[in-house]
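Several structures are given next for inspection.
Two complexes are shown next, each including chain A; its partner changes from chain B in the first to chain C in the second.
Up next is the complex of A and B:
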């Protein structure tokens, strides 16, 4: 059904500005980029992704990247397919899955003779990741966790007395610890802070649902806080919404909360009567912009107009030291595979205008009332300080 | 009106610096509109002749001198609480550092209970809370550098850091007024909300050759007469309802704060929010003068989110304070310098992590 809608909107013809952008794009990619079998040209890491195809089994998808010149490790290849087809959704699970794959990669890594384990592993990992970045959208959480792995690899003490197995064990332990501390515990911490801001009688509008949002709402309901939930639904977010609703489908919780699902187009009328807007973030930039599911910016703008507070939930491992001015500066939309899959047969030609389906948008900091993170509740402009403090800390740790 | 006219006519004559162009026209606008019938036209105009008379009053910035006045007592519970915590460290005779810290924390909570008594103390409840939290944080900050498990050594260290913190608190108002005085230019018309001690102290410290007039939003004339009698500052007390009318002729707005929230907003005497909205709408700068011990970890999302025990008066049950979001504040003048609202959070993050 989604595909149908897509094709409809395509045939409707894009607005003029899109066209001009497409022209630019076409000039940059004169050969018709979707036809290139393997896009070996390394991309910048991308946080955007196109397309909303319903989940498909990876086997059914013929991924063009299979013919890429240096073969991607199968572990990462399957991740690339799953991510670009939205089988793995959400910044948290992408990060965890990537780290899982890296762990498997490390475990099965065979050291080329005559090289140092640390250096050759780090070089191979980097090469694989560069390749992965060309084949699927690379979320901020993923690049942060990759940075973590590479830096902890770099800082490893490769003494004479330490065997490769010891080092391997250390690295795997560190990755496990990262997942536990930065991802799982972070959600718990966010729930603790977030509960302070959910008062009895609230009418909470929810969008851009992430693990933290679900956990917070569930906990609030379990604590017996009576509140009304207005879930804004779009075709892209049905997966998360059904997960949330399933978890709340509990006779005890149903007494406490009242859930309404409304379409995105009705948000305006609902906003007038709600008291809070709750959104999950997928990334946080140094200029205070919050990356969240497309449409979050509009809802935050609505909330600001009606003077309702907009709360974002965002873990610190999604903080990012870039400051895009708009989301198009992030520029990358989708892997070639996805694009080909989504196109109806008749429109598969170079002349067809490129119409991106945007999955994420950046809410400017002026519209963000508070970002609830695992270290504290912060105004979104404080990201640089948090990054600085975190860096300072890790430096101290490494030194000692 | 008489006084203001008087004042204005004097200003161009007596002061050598050129007035900012907006000032004369602004005051002309208001003079016919707001007829103030304050009888004493003298006080602000002749500061040069009066200069030799009250030099003793102008010099002391220390608290003790100010203590006798009822207005000024309100801010001192903070210092009292910090001193009390210092006493706790001094007299502690347990054997563990953790015991000492938990004792400090319980003492801070005890402060909490005591100060709910009178209205004056309710006002500084938030400040005492945040000051106690900061004190404990500062006192224990350097403990990790001590290797020995000797309690007395730790106590010494905490005492030393605590004393430093107390000294900073004591000197904060002096520092703030030194910063804030630079914001007040010759011929300025200043709107002040409430009888915040820091603001009044700042106004008092303005050099004698700078002429300015002050409009205080207050319910009573107490402060005005006090200031006219003691400091020769041209003060006019206005009602809350006059704020909108007066704002267009003002040059800047000065307010104090009961507490500064984590995002750089302030919690202050009720009426600050309308004042702030009004000043933003008319593009007048609004400066908040607040000591850094008032930086609290509160983060209200809106008015409703301010804890009720703070928002409402305990006895009358009327709303006592409101929350002003950071977007209305130009910047905060603190003893750590001039901070934009976002910088408050940065300071707090660096303090507490």
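Up next is the complex of A and C:
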């Protein structure tokens, strides 16, 4: 999908690093990317906007910060544009691409004289990321990986005997390890657990297709499990569906599985026949809610009504220490609604209806049968436990 | 006009209606109902019948014929079946005119002989048809009169797809109170956008979203107002695809659901199953799938049904042009509108 462009931008080396910040600012065009969030601002007041706290509105953030802080580093700028235009899709690739950019940033980072490498890098990275958050939707997987980078930076031992290059190498290694263990291996682990749940003769309805979902279905088909696949399509998810169907398009696999497709509105028509609902998660909250493609909640509810289990696949690096009660408190909702409006022309006209594109929703834990993660199959409420174990906090410590 | 030409007139009308039903050449069920009524009017005006029995027989046969032409469309047969009941009633009043208190109940066991020739019956039936046609014409307006009763100030109303009845209802409500409308577009036609344009032209705050967003937005919605294709005999709906899921969501969030329906949408049919295989209509999925992906989808079966069955428990209230009723009351309404058995 987007690999070509991204590899270009990522391997482009340190492009504008040697330019002074003033130069970069001077190059900024008045109507360039910096204006984007402002453009996307819906003209009409609506329930959808009443919910957004005014100080979080992106255009306000950029207004306040535009003069005070440096412009976004070009490495992150290209990511911001790709994410807000949905060129980089999916929580996994967003996270990996961000980490790639952070790696380039670290590699090309020049230490201002008289400061400690660790602290000044950490501060600059944080500032860049705060700015990035105003430019594009920031997925949970992205903020988790950022937290990881910042905390490993914080925990680094900056002794006398260690040079900046040593530290740099350590950090880059840690990031590589994170990508391998938390993202790539996690998908493999989910596939192993998920295969237990796919039985011959199953009729599996899939929605909110993520990397893990594709990997699991592909593996099941390769293992020769005969199953029927019911793909729920929406205009927004055609990319993922194409990817899935392209991978399954193979003379041997075609004999093993049978593929049906219905539009989202017609899900009821096939729900009666299916045996389970398989969904990919983009994030998991401490109250057990699962963030997934918009419409997942509805399908999970439909599945619950017809007594079909709803299985979510979610990697642990998408677990999140928040518990939103509804979607309106989520950054991703706001950004989804604001950034993905493809009607800059129309929104000028007051007589045009407001048309937000809502990309995600939160499925409450009562509608989630099980979450298949890379560490185990869990009820969705056990997120806090996983987070506590991951952070190494013990029960006693917590209690006191 | 000679009798023969009148006869050929209604035969031609019948044939036209049947053909357009078979070929799917119609836009709304309202149009079908009006055309059916015009057909019945022409028949009654003609000399091809002598007594009430013949009229009823013809109405029943025509209802069957039109149902067979397009199983998913119930409006023509609903109109004709309703006329059967009207003919029966007119016959009884005419017959018992002058007699004192001998009006026999229609649903009594005694078999009534409808073959008696009554000279004034024709004008009675034509009068009833005229009433019905004015009811059809003003259906949306008389439903809209209820708008103020149900929609309060500053409420957020969600509607699904496009319905002219809902359009009139919301416009009427907006005259009295400020309200905000969220329109949910559903596949395969995604017609909601047209309604959104119309409503925002008349200065109603309008938001359009895809049906995937209904779950996220439901917590902000005060009421759901929808139109329907058919109201089934058990109080369930045959409505556009996507309704079932969205109304399930509204149940989950305890949002009341108002269903607006003109009387000709009330059908004496019972649903077969949640699938509605028998009475559903399937269209080409060309709107849903890009043919440029033809290579990729050559092994995929794509279904595009048009209707969803919605069970009565998901509906809070029906607003008909003859009043508002709970789903549990539908059987009574059927009893009043159609003949039994």
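Keep this in mind: the second predicted complex is superposed on the first by the 302 of 400 C-alpha atoms of A that agree within 3 Å, B and C clash if a C-alpha of one lies under 4 Å from a C-alpha of the other, contacts with A are read in each partner's own complex, and residues count from 1 in each chain.
The criterion applied here is as follows: a contact is a pair of C-beta atoms (placed from the backbone, for glycine too) under 8 Å apart; a residue touches a chain by one contact, two chains touch by 3 or more.
Note that the coordinates shown come from a computational prediction; the quantities given were computed from them, not determined experimentally.
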Contacts of A:370 with chain B and chain C, given as first, second, both or neither: first
Which superposed partner A:250 touches (first chain B, second chain C, both, neither): neither
Partner chain in contact with A:152 - chain B first, chain C second, else both or neither: neither
Which of chain B and chain C A:305 touches, first, second, both or neither: second
First, second, both or neither for A:120, with chain B first and chain C second: neither
Chain B versus chain C, judged by how many residues of chain A each one touches: C
Touch list for chain A against partner chain C, complex: 44-48, 51, 231, 233-236, 238, 242, 245-246, 249, 254, 258-270, 272, 293-299, 301-302, 305, 326-328, 333, 351-358, 360-363
List of chain C residues in touch with chain A within their complex: 156, 180, 182-183, 186-188, 193, 196-197, 199-201, 203, 205-217, 219-220, 240-242, 244-246, 248-249, 252, 274-275, 285, 288-290, 293, 296-297, 299-305, 308-309
Complex contacts: residues of chain B adjacent to chain A: 262-264, 299, 301-302, 304-305, 326-327, 342, 345-346, 349-350, 352-353
Chain A residues touching chain B - in the complex, by the definition given at the top: 197, 199, 275-276, 307-309, 311, 366, 369-370, 375-379, 381-382, 385-386, 389, 393
